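Here come two complexes built around subunit A, the first alongside subunit B, the second alongside subunit C.
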Partner chain A sequence: MKHNLPYAWRVGSWLLALLLFLPVIALIVEAFAPSGDIFNHLWRTVLGNYIANSALLVAGVGVLGTVLSVPAAWIMARTDIPGRKVLQWLLILPLAMPAYVIAYIYTDLLEFSGPIQGLLRHVMGWESAADYSFPEIRSLPGAVIVLSLVLYPYQYLLVRTAFLEQSQTQAMASRLLGCTPLQSFLRVAIPMARPAIITGLALMGMETLADFATVSYFAVPTMTTAVYDTWLGYGSLSAAARLSALMLLAVVLLISMEKYSRRRQSLFQRDSGYDKALLIKLSGSKKFLALIWCWMLVVFGFVLPAFMLLKYLLSFYKVSSISDLLVDGTNSLIVAGSTALAAAAAAILFGFYQRFQPGMVSRIPGRLISTGYALPGTVLAIAVLIPLSLADTGINELLIALGQKPVGLVFSGSIFAVVLAMVIRFSAIAVGSVEASLERISPSLDMASRTLGCTIPGMVRRVHLPLMRKGILTGLLLVFVEAMKELPAVLLLRPFNFETLATSVFQYVSDEKLEYAAPAAIALVVAGLVPLIVMNWSMDNSMGSNSPEPSPQQTKQQEAGHFECA
Partner chain B sequence: MKKTTVLLAGTALTMASFSSLAAEEVNVYSYRQPFLVEPMFESFTKDTGVKVNVVFAKKGLDERLVREGKYSPADVVLPTDISQMVKLVEKGVTQPVQSDAINKSIPEQYRDPNGHWYALTLRIRNIYSAKRNGKPEDISYEDLAKPEFKGKVCTRSGKHPYNLSLVSSMIAYKGEQQTKAWLEGVKANLARRPQGNDRAQVKAIKEGVCDYSLGNSYYFGQMMKRDDQREWAESVYINFPNQGNRGANGNVSGMVMAKHAPNKANAQTLMEYLAGEKAQSVYAEVNMEYPINKSVPVSKTVAAWGDFKAEDMSLVQIAANQAKAQKLIDEVQFDH
Partner chain C sequence: MSALDIKGLTCSYGLTRVISDLNLKIANGEIICLLGKSGCGKSTLLKAISGLLQPENGSITVHDTLVSSSEMMVSPENRNIGMIFQDYALFPHLDVFHNVAFGLKGQPRSDIKKRVQEMLELVSLEGLEKRYPHELSGGQQQRVAIARSLARKPSLLLLDEPFSNIDSEVRQRLIRDIRQILKQQHVAALFVTHSKEEGLDFADSVATMEQGRIRHVTTAKEVSSI
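Right, the complex of A and B next:
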């Protein structure tokens, strides 16, 4: 349905989208600049290899992440597995672990001098590396495993929600028609959760594509490596921009795949409440297997790395680092907090524009800014610097022309640049989650509230925003968690004397002092845990219990009595 | 909309508070790691009262300077090798510095004739060898490509600046053809794909993964100082390559003044300080590098490694081959 959205809303959406898209435009313009024969040289030599590695990595993480997460999501949504209440949020925790930290820890554990190979040598009487072979953790498969372990929660969160929203009666019907629980899972639950699975794949794919720290630590050259080499090795920003444009294309593909899968999502809405009595009762070996599966994910994705960090902390703890930790932590919170708020605000703005002015045009702002998701951090940093430094120069020239003192680099030299880069990088997450929650609100609610005399802002405030609370919160918190972990863009864009928890971890780790990085790494993980627990708690309140949101009662109340928009 | 406005205002406020800086100060962009340069900054502030503000990054600071243009707050840039310095000069983001104090401290071959860049420390690209095989009489970079070294060599990525400089010097001395053949030979001799940093290679020697590795000199001293790494260092000899002919490949870290330095006087004071005896002896004693200032002795640990002959070709001449070096490394797919 078309509404007359305030003019300012439309203009605001476009302006904001353009502001956020400006760096990407700058990059695309740069891509068309002449770059000599560097691109050809790369193409002749290493690029094929890099593209293959990127493709294998994305595919590998997609497959492994899905294989790990979907059964766990189904077990959590559909069975009475013991400890369900605790497990369902434990399973999200790996999201708080930066991939690079987990990569360092597993390398430490699994390399030649680590405890595992050491024990093997001790038991088997081997002496040197020549006496036996042990799989190399610093490899493509190693990177797939490590990235899957920290990225699977995206898939898990989305698919569990989808399972929870599927009518349980359909599952019951399939059981009555003779399906075993496994058959019911494979033939009913999975096909119905397909859109969520594909959205999860797209998210994991984009995260993987943009990863630099993990693959460079594992010496697996990918497209991001190629971008860095061309730019920093060959000194050609335009060739680097061209490679980035290739990666953007891949992201656009991933996003369209996700949109395509969602096109009929309204068909899959839950049509009845959630009843605990209908949970599948697991027993014997099935119960055992289900428990092993979920706990394996929790242990390898979170407990073991967290335990190692605590161990480092206890052996290398220094009181003097506390004040640094507080300063760095505050910086992290400021940056991640502003990023999350800005990304959520942008997502809400675009979401309503799209809802109230349906059509091709209104869809563009949200799409535009989602493309930033797969830009490698350093490239994004330069892309952000291009328009911001132009703006800064403009401001300073203007001030001088007016006889004032120049103010210096207010945009490009401050945390504004850092926040802008992260909003561009992560707003795709907020946009996706806000859009999904808006789509669930029936258009009849819009019609009813307009009939009852609401203005559009009144309706948004009284009807939509309360119903979208969960989606907004999810977007907000996921962006926050990601922004806490972000490294390369912050490293390059930060103002003077500015450390975040992530940069502080990196500084120690790049000097092979993982132990000293433990306090900051733990602070980083804890700061990520809190929002994840809040998020899970809010989802749990609305779905895991017997009161789906919005409860029919509440909705009726809103539709009738409590409605005084005008 | 309102929300967005409030948000933007909030962000603007926060950022304003970050960009307001104290009066007597100097702003540094540093490629060098914090633990290597912070001791110098601390004593500089204590001696002069000038506050040092730093941005640390391993990559891309040159590009940031270019984009920031004439309102850039940067005064001094600290690069980790000659090619970074040459790149900064080529991009036009440096300015010449003329200082008798600096010229007195830094020998002519280690500074730009026009004063655009100055070296601060020298380090040698050594070959580490396993103690278990005995001390090699004589060893050269060329040896690493010989068939008898098959499966015995470890190194970090060929594209790391330290290896790039080595390859650039090889091109300068031997030409592209021979250098390519050399790279192919070394690649064929690698015990594992290039990975980790210089210290990780010494660790691999200790573990029996390989017998020889390339590594900068100061890492040897730094490993000796750390409880968890001392046994790695104790399992190897540090060798100065090519002593029978052109000498060992050396590289420098250094400093340049940013073209639009807003605190020019303080920048010059800092540069003079870094070249001076006090800071140079910290470079020598704490970082285990060879000080560029000849009146400052090398640390006892470093002196114990013995005298050596270094290549005598000019650093700028070697750095000019950097792009060719990068191409060759890609062509032989050294890292795969």
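Right, the complex of A and C next:
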């Protein structure tokens, strides 16, 4: 049903969308501007190495993450493994662990002075490092392992869903046509799950490409660290913009891969009932292997690091500064809270525009800002800096021309920049959540309220907003949590001496004393658990009942899929 | 010798007993229809026969080979039982040729090709080898499913509501064609449906199933006179 939406609403939607998209355009323009010698210097010397490292990292995490997650997904979807209900949930917990925290903990455990090597020396009677060789965790392969441990759940969730959606009769048919369970897995389940696997690869690739903290801590130079160094080290915005544009290219490549794989997905999905009695009965060594495989992921991805964090907390709580924690925590709350409110407001604006003026045109604002989700934090930070520093220069020059005192960097040097970047990055989550809850409101309710004498704003206030409450709250919550955890964009954009929980934890990691920041790290992990709990709740709903709650359902897709981007 | 001999079969889902003390015999080359309302245990029975479900009690013998008893259970891939599903269960990632060839492993390629051609001729789908399942009509998909099952020369064919997704105009012909194929190949079949008309058209005898037991077995002619 088409309504005459107030003119301001339409213009507002478009202006806001363009404002939020402006940085990306600015980045591309800036990348083509002459950049002086720095980019050329980088190009001639180290850039090849950085690109190679980034590519190897993405490929490595893709392979290892898939090898770890696909068997686990199949075991969860198709077998009667003991504790299945709990395990399928535990397997997504590593998503809550910041990769750099895990990186620190495994370095602590595996380095020369750590307990593992100490024990080996003790048992084997070795005296010094010259007596034996032990793989160095602070290396590219180490980064691949650490990132795979926290990113595999993306692939696991997508592929598990694909396996669950595959009609069980196809698996039955393959058995009756002579396949053993393993052959059925290789010849039927895997090829049919291929679109999900490719989507998972693209997601893990995007997250890996965006990672700054782990590679920085492991001293593996990549494109992300190059952007960071070029800006903070050399102060060259244009060289940083060029590097960012290169990364953007890689992201576009990954997204196209994902789109391409989804093109054929509809052919592969045919849902039929899910019959628990048809789960493969595991016994003996197979059951043992399956249990080891799944529990290994849970233990190394979550339980052991969480245990170590608690251990740090108990041994070092006296020296951890509670006042710092409070200040940083408050900063995090302010930044994440403003981001969540702004993102939700934008989502509501776009959502109603789309509902009341259905058509191609009104879809664009929401789609446009959803692309932000695909941008790595560092790239986004550089993109935001370009228009904001222009605006700052403009304002100050104007004030001087008018004979006033310049106000300094009001945009680019304040938390405005941080919040803007994060709104761009995380609006997609709110947009998805709000859209889903709007879609559930039947158009006949619109007609009913209009014929009962409601104006559009009155209808929105009295009918839509109350019905959308759950979707809006879910969106708020998820954006809030993502913004709490965001690191690279904050590192690049924060005002002087401004620390959030994430930057503070990363600072302690870099200074080799995470032990002192255990409370903040635990707070981050706990915050990261929130979306997983929401997701799990939605998964239970979508499995059992006939009327799943679409808003958390959408959430699941958002969280596991980042689908709505682009 | 009978194609299928079930004695005292009992199956449960958790605490609910779905099949209790069921006995059924199918002679060589005979087509039996199992008629019953949904939820009477028809599909469960097919799963137990094919080995996808472990029965609680009773024995199942296929062509004089014991495949399931309270002590042992032959896994589905080793029973040589074919099954046709309501949703056809074709593999969406494989074309018609490879769907039909799916169960023909470990044979020389030329033999596989020959067998697939024979089967496609049998179900009158020659020339559609390269099509994917989603490019076929419902009736064509069901023919591919038949070809795929018969390619392995099963000792028994199970059909689970195979015509329920097919348009009524095509259904009559498909039922006649498939019956003819089964008779020509001399394959015994157990056909499950809730439609009396389909059962009468397709089967030699009709067994009525109620609350997990067989109530009544009659020849098709007798039923139609009721």
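The criterion applied here is as follows: the second predicted complex is superposed on the first by the 353 of 566 C-alpha atoms of A that agree within 3 Å, B and C clash if a C-alpha of one lies under 4 Å from a C-alpha of the other, contacts with A are read in each partner's own complex, and residues count from 1 in each chain.
One rule holds for everything that comes next: a residue touches a chain if its C-beta (ideal position, glycine included) is under 8 Å from a C-beta of that chain, and two chains touch if they have at least 3 such contacts.
Since the model is a prediction, treat every value here as computed from it, not as a measurement.
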item: Contacts of A:G12 with subunit B and subunit C, given as first, second, both or neither; value: first
item: Contacts of A:S444 with subunit B and subunit C, given as first, second, both or neither; value: neither
item: Touching partner for A:N497 - first (subunit B), second (subunit C), both, neither; value: first
item: Which superposed partner A:F112 touches (first subunit B, second subunit C, both, neither); value: first
item: If touched residues of subunit A are counted for subunit B and for subunit C, the larger one; value: B
item: First, second, both or neither for A:Q404, with subunit B first and subunit C second; value: neither
item: Touched partner set for A:A129, first subunit B, second subunit C, both or neither; value: first
item: First, second, both or neither for A:N40, with subunit B first and subunit C second; value: neither
item: Touching partner for A:S412 - first (subunit B), second (subunit C), both, neither; value: first
item: Footprint overlap on subunit A, comparing subunit B with subunit C; value: none
item: Residues of subunit A touching subunit C in the complex; value: 167, 169-170, 172-180, 187-188, 191-192, 194, 267-268, 270, 272, 277-278, 281
item: Residues on subunit A engaged by subunit B in the complex (per definition of touch); value: 8-9, 12, 16, 41-42, 45-46, 49, 112-113, 127-130, 136, 138, 218-219, 221, 228-229, 231-235, 237, 334, 338, 341-342, 345-346, 348-349, 378, 381-382, 385-386, 389, 392-393, 396, 406, 408-410, 412-416, 419, 491-498, 507, 510-512
item: Of all residues in subunit C, those that touch subunit A in their complex; value: 13, 47, 50-54, 75-77, 79, 81-83, 85-87, 89-94, 102-103, 105, 132, 134, 148-149, 152
item: Residues on subunit B engaged by subunit A in the complex (per definition of touch); value: 1, 3-4, 7, 10-12, 14-16, 18-19, 21, 27, 33-35, 53-61, 63-64, 67-73, 87, 157, 159, 164, 192-197, 199-200, 203-204, 207-209, 229, 323, 326-327, 330-331, 333, 335-336
